[in-house]
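In the part that follows, the structures are each spelled out as structure tokens.
Shared chain: chain A. Partners: chain B in the first complex, chain C in the second.
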Partner chain A sequence: MTAPASAQPSAPVMRLLRRLYGLATSRESVSVLVSVLLTLVVGGVLVVINGDNPFVVYRSLFVHAFGSMQNLTNTLAAATPLIFTGLAVGISFRAGVWNIGAEGQLYLGAMGGAIVGVYLTNLWAPMHIALSLAVAMVCGGLWAWIMGFLKTKWNVDEVVTTMMGNYIAIHFTSYLANYPLKPPKAPIGSTDYVQESAQLPQFVPYSTLNAGFVIAIATAVVYWIFYRYTTTGYQMRTVGYNRLFARYAGMPSGRMILWAMFGSGALAGLAGCVEVLGVQYRFVQDMSPNYGFDGILVALLAMNSGPGIVLVAILFGALRSGGLGVERMTNVPSELSIVLTSVLILLVSSRYALVKLFRKERGTRA
Partner chain B sequence: MTRQESVPVNAGSDYAVEMRNISKSFGDVKANEDVHLAVRKGSIHCLIGENGAGKSTLMSILYGIIQPDAGEIYVNGRRCVIRNPREANALGIGMVHQHFQLVDSFTVAENVVFGKEPRKGWLTDRRKAAEITRKLSEEYGLKVDPAAKIADLPVGIRQRVELLKALHKGSDILILDEPTAVLTPQETKELFATLRNLVAGGKTVILITHKMEEVMSVSDRVTVLRRGKTVGTMERSECDEHKLSLMMVGRQVEAHLPKPEMPQGKAVLEVSGVKVGGAQGTLSVRGVSFTVREGEIVTIAGVEGNGQSELVEALTGLRPVLEGRVSVGGRDVTNQSPAAIRRAGLAHVPSDRIAMGLSVGQSLEENAVAGHHRMRPFRRGWLMNHREIRKFTESLIGQFDVRCGGSSVAAGTLSGGNMQKLVIAREMSYGARFLLASLPTRGIDIGASELVHKHLIEARNAGTGILVVSTDLDEVFRISDRILVMYNGEVVGEFRADATTREELGLYMIGARRQQEAIAGGEAI
Partner chain C sequence: MLETLFNLHTLEAAFRIATPLLLAALGGSLTHKAGIFNIGLEGMMLIGAFSAVSFSYATNSWVVGLLGGLLFGLLTGLLFGLFTIDFRTDVIIIGTALNLLALGATTYLLRAIFQVRAGLSSPRIDAIPDVHIPFLEHLGFLKVLSGQSVLTYGGWILIVLLHVVIFRTPFGMHLRAAGEHPEVLAAAGISLRRVRYAAAAGCGALCGLSGAHLALGYLNQFVINITGGQGFIALAAVLFGQGNPVSVFLVTLLFGLADGISSNLQVLGVSGYFSLMVPYILTIVMLTIFAIRSGRKKSAIRA
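Right after this comes the complex of A and B.
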């Protein structure tokens, strides 16, 4: 009836295959796939209404996202900050706390990293970069930690505090960039350029893809290992599933929440710092086009899974860079990618209803 | 499996409900396999079986909550497909769930008419609703005050409201899912009288239960399910408790569990003068003192809601102790964290396995290792040792006969009894010197209860000190060495299990009697 014998030599392989098969046919995966397909249909209809051939447009979108080395690197560059913010949000969601403040934590991290990058001199480059990234993580992390502390100490709703914290962080860094740290003659609020020793190396000419992408992938791997294999990750996950159970079983649920918030803020800070050290080379006010908020969407779509977050972030990046190409080549505006993203989110949020529609009356509980 | 009914298709008029060859699988688990059920009109039909035997699945199919994979349903002789509860209602089928589905802030009348309200324009006609409720209440002898708020009512009355709600919808066939699980003996008696009344008035009642005495006292006919299959259907007159329990568990239940005398050991739990707060600044536990020693089972008996759950939470670090002192294994743990109290030697089986005892969204492995997860061999440095965790989980599953689809399925897929076995298996596996088990057999069947009791006594014989909170006197007498009775936040009596009777305990439980200077320090015996 259940569990075939696992004593055969190929048992681990079989188990892996079974798991992969289960994953591919699970309700979750099927529902996400159905959502993606439906999104393309909805987008196609809009394109037709606009008087274009959807197949041409989608082909152009794909080509501009992945078609050449140049396009591919643009896509990956656009995905980099979203991988960071997606992971940032994912950490907190897995632990059952809702950090909506990645945007503000990103700005604090960007500012912290920029200050280290600008004002420390004569450092060995790897050292300079590492220091800058570390300071960024502490800046973003501490800011989120405060909200976690308010939550564990007085049960203050973290959704509200992190949300409000965004404004404080964004306006505070904007003040620094406009007054004390603004170089003379700078046209907009910004810091000075960071030292060359703090700049992240680029890989491909004429592209903003830089070592930040590698750091993002490495972070995702750590994230995956953390939640899958470490004891602390297990405790955090358990707190996220059932806080009362975690407390009852003797897990330090308060401390787990604090660490989850710190880690979440730290990764958001990293997103900002990598943007400074690898793309802008300085802190610029309004530098983030909602990376922090898009991170929430990425985490939700990926159901907080590490590999999932990387994939979804790349998908978002592809829509972004491909959308620009589409605008150049056809008369469909690049806002198409925003429409596609929004429809996708809408459909994924209602995916259970969708799956039910498709498996009507079968009543299977897969 | 014997097929009891072989009635031709159209002779249905005798039967209010007939379910034939019903099968339903969830993944690999066959919840129902070729099940038959025939319920005569105007009778009380008990559906009895262990947890996970498929009773609830069968009734969910009849009520349209889930769809069968195969099989036919006849209502009043007519073949029906019931796609959802609304269609079930239209066929005259009503259900009273184990967990009531009432709106707390509404009045009784508003709840009764909910979903089928008398209207005055756009609004509910409240006066008429009250009238309807009063009329129904008189007609069926279900006494309620239509104007009372649900939140202010005891469970027994809430259940009446549920019944009235079903009757208002015009139900002729009433399904009751373990209706007595939450009731006191007195309330149970009243409920049964009501059911008799309803049946006399032409209604048909299907009662899900796993309590033998209920079957014997109230049913007309009984259908026994075991492991998803029909074992048989009998008239009540044909069966006795012995035969039924044999059919249910497939073997005989031991009436007595052997308990060797144990030498008096060291105290593992000392409680002195403990006071614990309740709702709105009241005291739920008003100064309680007792001791539990190695190698004995002490039971706190009492009607639910007399401070037992608050006491348990205070002893386990989940609720603050306002006054007094608690020590576990000789260490003062008053107001320490649950983790610290566990380190001092506590294992805890909580009364609510879904909210507290398990994390139902996580796998059996993740549930089994909780609390062990920082110890060898389950961790290697920072990492978890998944192979050892799986081995450990599988051994618990084997030892406690947890029926499941493997160690990696979510705990939420288990039936109630199997969830409880998992919780107990985990808590026993700590090898703690003090075990606190709160309502350890609530809502689980005879076979599982027997297993739980056997393990508790084995642990006692191995020198563990055990405190059990129970509302079930059968259980109290089956396992206790000593019995404390709690009433209104106080321990009002202490007894040796072999020197008291049910009747005597009953008097203390309802507050009719109390011992003088009850048990200071629990050193009496």
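Right after this comes the complex of A and C.
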């Protein structure tokens, strides 16, 4: 039996619609949607505690995140470091190792980049910036590589070493910023300002959005191409997916892990360097509000996909900059967005378990 | 020179600094032994600190404050348990998210409830008192053992208590089995779930106490992010001491001494930042040594 002629051109459209419908009603989408709604309810309760109307606050949050060109650029600026740290953690996750030391690697990269930016002079700007970024990548990358080495050589748990490495790096850079590199009369621990030739250009007046965002997007594209189209990327994923299989297939799993750790630390270092060259123009102690740890959550929510990491980082950035806007307009503390972020993570990362829980209760007990 | 670096005050300071680390690390020992890698100590402490100050502020009583810290720490531990044990969500994700949630929620509530920006200090907050033991004060250097906070002594009692519980009771055996050979536990008909929940709750409660000590025994106020990474030093102590209460105590004391000596070094004009790194460097070195030694015994492949 053949379909009526008139229906034939619309068949692909119907198929697309059916697929979209299937996607929208899939367990995945529904569980994510439920997680988002529950998160908004938790946040709403907090807003009510503060004596405000949740609907007004959420609307204000959205407007302050996306409502105008100015707000949008602030959101993208806030997302920039998270794209880098998200990609950084994503690299390690894909190779099956846990780099939870992005925070410390970020500080080392920021310091390395700042030193190049401050003390090298008379350089052509693109050259100066490139050199600064490269040094930052090496600083962050080597620090993570050491933990990878301990892992592959003696099987020292990289979760612990990268975690501990955070604080070694933070205290070490704080030392440099408070003693040898501190300019006279600086009120807090910091380096000098970087040379003008090392500063990343800003795009929009009154916004910290700068060329760092473009670098972040470019890095995400490279990340995507690397895992999709290169042999090394494929091997690295295979090592992460099944190390024994990778070994039987003759893939150098130890070397892959070392490279993954180096790459992961290098991108975390970039995050710090871009923050220095594009926003602060110097290294400042305690400059990162947990970007490195947030990167873990970004990579997790995005399931390590390159485009996904960019989107989730923008979502986190929107919450951050929207929350600051809300605080300016109402008296709702901006920490509302931290709570929303963390509750969302808790729920989304347990969504399968939650769905299963409900299904089991319906299936066997009721 | 040496006198400046190390004297009775240093020892006294070491005990004082070690107390919150010890309490949290004893909690972390419970989850460590139960086979749960808990990086959420920091968040549990922070929630304990905030609850303790709120309860002390509301009731004017440090005892109630302490119990409030303990209770909310315990609840946080149960929440941590719910996600890691029942929902089987990755323990590192939960720890990271929990730390973030604790920081966000305590800061938000501080600003929303108490209408202050950076910290809450008030004469209404009742502090945890110090205890003076008269006869010790005349016994030469032993006088450093007197005049410490109630929770310092509480922590010392807990070391003994937890040592006995972990190594001398059936529950302790189940706890260690939960970490080392969970399948054996199942074969023996013991609920792994229940053992791990108990560990998570106990860990939360002890971290709550630790936070209460930081807020009420130390500064007598709550400031944003009052824990400032101490939960991670406590985690280092747990890993260094392999979750054995006595070793963990000695490690926290060592960290406390390093900190005390570092303040003395600052008097001499030397930066304190290097001694701040000591706990973390020592932990990495020790774990590497453990790993090399166990690697020689059997070439293990970690799952």
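Convention: the second predicted complex is superposed on the first by the 315 of 366 C-alpha atoms of A that agree within 3 Å, B and C clash if a C-alpha of one lies under 4 Å from a C-alpha of the other, contacts with A are read in each partner's own complex, and residues count from 1 in each chain.
Note that a contact is a pair of C-beta atoms (placed from the backbone, for glycine too) under 8 Å apart; a residue touches a chain by one contact, two chains touch by 3 or more.
Computed from a prediction, not measured in an experiment: that's the story for all the values here.
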item: First (chain B), second (chain C), both or neither touched by A:M163; value: second
item: Which superposed partner A:S68 touches (first chain B, second chain C, both, neither); value: neither
item: Partner chain in contact with A:Y248 - chain B first, chain C second, else both or neither; value: first
item: Touching partner for A:N53 - first (chain B), second (chain C), both, neither; value: neither
item: Residues of chain A touched, compared between chain B and chain C (which is higher); value: C
item: Chain B versus chain C as contact partner of A:S349, first or second or both or neither; value: second
item: Which superposed partner A:T238 touches (first chain B, second chain C, both, neither); value: first
item: Partner chain(s) touched by A:L150 [first = chain B, second = chain C, both, neither]; value: second
item: On chain A, positions contacted by chain B and by chain C; value: none
item: Sites on chain C touched by chain A in the complex; value: 37, 39, 83, 86-90, 92-94, 96-101, 103-105, 107-109, 111-113, 229, 232-233, 235-236, 239, 271, 273-274, 276-277, 280-281, 283-284, 287-288, 291-292, 295, 300, 302
item: Residues of chain B that touch chain A when the two form their complex; value: 26-30, 66-67, 83, 316, 318, 337-339, 342-343, 348, 350, 355-362, 366, 369-371, 373-374, 379, 382-384, 386, 404-406
item: Footprint of chain C on chain A - complex, ascending; value: 46, 49-50, 98, 100, 150, 154-157, 159-161, 163-168, 171-172, 174-175, 178-179, 290, 293-294, 296-297, 300, 332-333, 335-339, 341-343, 345-346, 349-350, 353-354, 357
item: Complex contacts: residues of chain A adjacent to chain B; value: 1-3, 229-232, 234-235, 237-238, 241-242, 244-252, 361, 363, 365-366
